[in-house]
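In what follows, chain A forms one complex with chain B and a second complex with chain C.
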Partner chain A sequence: MADLVLFVAIPYAAVVVAVVLTLYRYANNRFSYSSLSSQLLENSVLSWASVAWHYAILLILTAHVLAALFPGLWARLLGGQVRLYVIEITGMGLALIAIIGMGLFIWRRLTNPRARAVTSTGDWVLLAVLLAQVVLGFITAFVYRWGALWYLQTAAPWLESLVRLNPDTSYVALMPWVIKLHFVGGFVTIALIPFTRLSHALTIPVSYLWRPYRLVIWNRRQAVRE
Partner chain B sequence: MNIRAQVSMVFHLDKCIGCHTCSVSCKNIWTDRQGAEYMWWNNVETKPGTGYPVRWEDQEKYKGGWEKKPGNGQLQLKMNGRLGMLGNIFFNPHLPSLDDYYEPWTYEYENLINAPAGDDQPTARPISLVTGHPMEIKRGPNWDDDLSGSEVYAANDPNLDGMSDDERQLMFEVERLVFFYLPRICNHCLNAGCVAACPSGAIYKRGEDGIVLVNQDVCRGWRMCITGCPYKKVYYNWSTGKSEKCILCYPRLETGQAPACFHSCVGRIRYLGVLLYDADRLDEAVGVDDAALVRAQRAIIMDPHDPAVVASAKANGVPDAMIEAAQQSPVYRFVKEWELALPLHPEFRTLPMLFYVPPMLPLQAIANDGRLDVTQDSEEAADYFGTLEKARLPMRYMARLFSAGNEEEVAAVYRKLIAVRVYRRASTIAGEPDADTRKVLAAAGLTADEAQAIFELTAKPTFDERFVVPPLAREVAIESIMDPFTHKTKAGFGFRREAKRGQ
Partner chain C sequence: MIPKKKWWLLGLVLLAGFVSGGLLPSIQAAPPGQSAEEGEALFQQYCTGCHTIGGGDLAGPDLLGVAEKRDPEWLEHWLAEPDKMIADGDPIALQLLAQYNNIPMPNQHLTLSEIDALLAYLGVAQPSLPSPGAGQPALAGNPQAGKDLFTGAKGLSAGGSACAACHDTAGLGAPGGGLLGPDLTQVVQRYGGEAGLRGTLGVIAFPSMVPVYRDRPLTPQEQADLAAFLAQSAEQSPPSRGVRHLTVYALAFGVMDIFLVGLFVWHRRLPRAARRPLARR
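Presenting the complex of A and B:
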């Protein structure tokens, strides 16, 4: 029963909440979408924290997603022992960097009066959840070797079963609680997107790479052309 | 030819008295809010001086504007290429910190009234508007006002880089000490660095009038525009997490009024009018060498009386009324006809559309029998301009500001300004310009009529001559794409959300 809640109900609820409310917020309060950067107020600690956190977490996330999307490819990538070691060590290194980054984020907001002034309750919740999530992830990787491999037999098929709308909790039922928490934490994080500044992660401006440098918008262009 | 209209500006620096009325009227209308306290969409700086934010002109530090790529000479934002910029999105290493501006504050005024009875006078401590805690004031928006000559401020003016120690010493000798004021607003550039730098594409130029705006719904607070603008005229609102900038009071313009800073200007230094420019030649204008930048920018500003220009403008949908406004534009006269007004730091290559008539005041006045005489009595026209070399602020300095280092460009302006003075003196005293005066005029490249017109528009223009606000007719513009009755009887302000209660 608990498994059903943790690995079926929460994931679906989280995704539905995230999608519906994100769209609702986008339609009704687009103004609220912002990275809410506080770099102007404090930039020396942030330069370490933000770069460390964002790069590390993006790489880690990419690995999680790639492995789930292309398990075959991932398995081939891990073919040799050396490659497995490299991937695992890189992963743990990145997790450590992310933890340090997140720690600095939190320390900065606790100790710098200006940064604290612009920190909302939502920010604290988000910081706490993210810290917990990366710490759990690091413990998982460190204690339960070799996650890069067993991920393919456990989390990946479970996620696939969720996507296929045919949830099967048996893949993850026997996992240690630390790992279970990490799984649930992932979906809690997703659910937080529409409520917090995490929404900025959805607005990565890739189109900047090809848009023209000059941007002119006409009010009456249409009418003129006719 | 692809003619567009741009609402443009001229500031006549000779007339600026540094009163900051412009800054205050702007602040009272637009930036008197949380997160915007430190923003000065209009500010007035003392030159030589460090400006606001401190040393904003130092692009080695702030990386604003454009630069030519060493290899192919192509223009690229000085801060980074596109990919590099996205790579810096988590932390922009060139962003000024609040300390480069100042931490906004108020005073604990209640304490003056509420303090318990005691032996000491109650005080009103400064309180940070960011943290709400008591703070020590280290810097303000106008911290080096009138402090030219100061070791701490004026001596750190980035435009002094490259001047010899002797030159600097001369500038700051107490008896020769001189300064002038430089009021600044957003230049509503044609090749704006802020527009180019915005990863979200939130900043745009309005096609109809060229005003550069930040779409608050699209801005995501990536804060690259702040670096991209070499003039540091985009500000990050630390409370809303969005960037904001001067909007050239477009709601006022759309109702036929001059922007607030223009309207309230005590020295009447400000002129506003339409310029027609050729949008197809922008790349050409920003691609030339530094020394040719002023001329290249002038070249793409087109004659609003030329039938071909008018035809192209019409084809582009520029309304007749806008073209008419362009034909009466005081800005066109100063910038193109008389070539008196120069862009500030054209070497940033953003094609700023705010132009400055450089100040005469730094010219050294020569005491002559107790009279002050800027021209030195002499037969030879060249001697009238002799004062140029003796100018208290070297031509080199003015050229660093207004012509990307091309001293001849600035000298030509000064020759005209001096010639107008000589001409006016002659016609006031003698009633007729004498041969000598005509020589001076010729040397400066002016006719007597032009000199008179310059004098008229400089010294005694009426309100309507200074501000030729085109009928922007936004309501008409919008009609074509939106039913004008859409908002009738609806809530008129707020975030376009309607009140829900009641029936």
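Presenting the complex of A and C:
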């Protein structure tokens, strides 16, 4: 019964909430699709945190999605011990970078009064969930290795069964609780999209990854001197 | 235009529909009647991984004459829920568990009519079923081929997961195999030698492995190769968990350091003169 709630009810509820409310927000408050950047308020910590977090999490997310969409391709990519180790260890390194980035995000909003002033409850919930999710992901990868391989025979068929509207929890029912939490945490994160600034991910701002940096020039010299 | 508040209602209705649709229990078809022939087929399907009739012990006991040896009610209960009987401390169950290397008999979730068929078969079964390993003309297992199958260097023909996804063994160098499942270094001794292990790999009954391999069974050659590889690695002592952890830990932090250096280099390339005053704001 607990499995039905965790691995059937919550995933479907999360996706329905995400889709319905995202469309609702798009129809009614389109201008709110934004990361609500606080870069102009504080940039020295943010530039470290943001770069570390976004590059790491996007690569990790890509691996999760690729393996679920093309399990055959992923299996061939990992065939052979050395390739498995390279991909797994790279993933763990990226997870650590993501944890550092998220830690900096949270530290910045706690300690910088200007950033803290524009931080809502939703932001705190989002930061906490994302931190928990990457920490759980790293523990899963490290303690229960090699997840890049077993994902293909556990999480991938479970996700496929959800997409086919014929849910089968047997693939994930016997997993350790840390991994179960990571699975459920993924869907909780999806459910948070319409409620938080995470919605900025839906605009798929990938060109940020390679666009040149931009300078903001202040013309009020007074403010700079202060 | 639907008024604002009704949108939430619509969402709730959709949500309720999805959730109840997903939770609808599947209705099981009525089970067929039982007979010794059906029991034999069930025995082949569920039991031959660990049991023979007159062929000697494998991972589990030889079942020749088990119907006379055990009380029928006990046997029926045992086939229905061995896990619960062990948990409840049934004396015979505990004695069997200790005798067979603490390998618990998995609950196969048999229906009552399937159990009746199996009992009918066990009551009349003759020692005609040789053990899977001894009966067949011995397939020669190749330890190197077994290692390739174990690590995934060569895929299993039916598409099952490589063993190293979840299992470690001394036969692999650091950082070794997976840790989701148990270490398999000494598994040959526990499961009744190479022949016993082949049988176990032929009918995979471990609950967490059933969904992975039920539609992707190993071929007899793959069973033999893997058993040969595991028999070879059993000559070594199990790898140290600490050393394995430390290797992965060091490598992961090493990769993290490489990324951090990249981050620093990127940061240094930013024009400082323009950034500093901005950062101070």
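Rule of thumb we're sticking to: the second predicted complex is superposed on the first by the 204 of 226 C-alpha atoms of A that agree within 3 Å, B and C clash if a C-alpha of one lies under 4 Å from a C-alpha of the other, contacts with A are read in each partner's own complex, and residues count from 1 in each chain.
Here is the rule we go by: contacts are C-beta pairs under 8 Å (C-beta built on N, C-alpha and C of every residue); 3 or more make two chains touch, one makes a residue touch a chain.
Please read these numbers as outputs of a predicted model, since none were measured by experiment.
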Does the superposition put A:G80 against chain B (first), chain C (second), both, or neither? second
Determine, under the contact definition given at the top, whether A:V51 touches first (chain B), second (chain C), both, or neither. both
Pick one for A:F195: touches chain B only (first), chain C only (second), both, or neither. neither
Between chain B (first) and chain C (second), which does A:F142 come into contact with in this model arrangement: first, second, both, or neither? second
Just to be sure I read the superposition right, which of the two partners does A:Y213 touch: chain B = first, chain C = second, or both, or neither? both
Determine, for the superposed model, which of the two partners chain B and chain C contacts more residues of chain A. C
With the two structures laid over each other on chain A, which partner does A:W124 touch: chain B (first), chain C (second), both, or neither? neither
Quick check for you: in the superposed arrangement, does A:S37 touch first (chain B), second (chain C), both or neither? first
Overlap of chain C and chain B interfaces on chain A (superposed complexes): 28, 40, 43, 47, 51, 213, 215-218, 223-224
Seen from chain B, its contact residues with chain A in the complex are 82-83, 85-86, 89-93, 95-98, 103, 128, 130-133, 191-192, 195-196, 198-201, 203-208, 216-223, 236, 238-242, 282, 316-317, 474, 477-478, 480-481, 495, 497
Interface with chain A, chain C side, in the complex: residues 4, 7, 10-11, 14-15, 18-19, 21-23, 151-155, 160-162, 164-166, 172, 175, 177-180, 207-208, 210-212, 245, 248-249, 251-256, 258-260, 263, 266-267, 270-271, 274-275, 277-281
Which of the residues in chain A end up touching chain B in this complex? 28-31, 33-43, 46-47, 50-51, 53-55, 113-114, 116-118, 200, 203, 205-209, 211, 213-225
Which residues of chain A touch chain C in their complex? 4, 8-9, 12-13, 16-17, 20-21, 24, 28, 40, 43-44, 47-48, 51-52, 56, 75, 78-81, 84-85, 89-90, 92-94, 96-97, 100, 142-147, 149-150, 152-154, 157, 165, 167-168, 170-171, 174, 176, 213, 215-218, 223-224
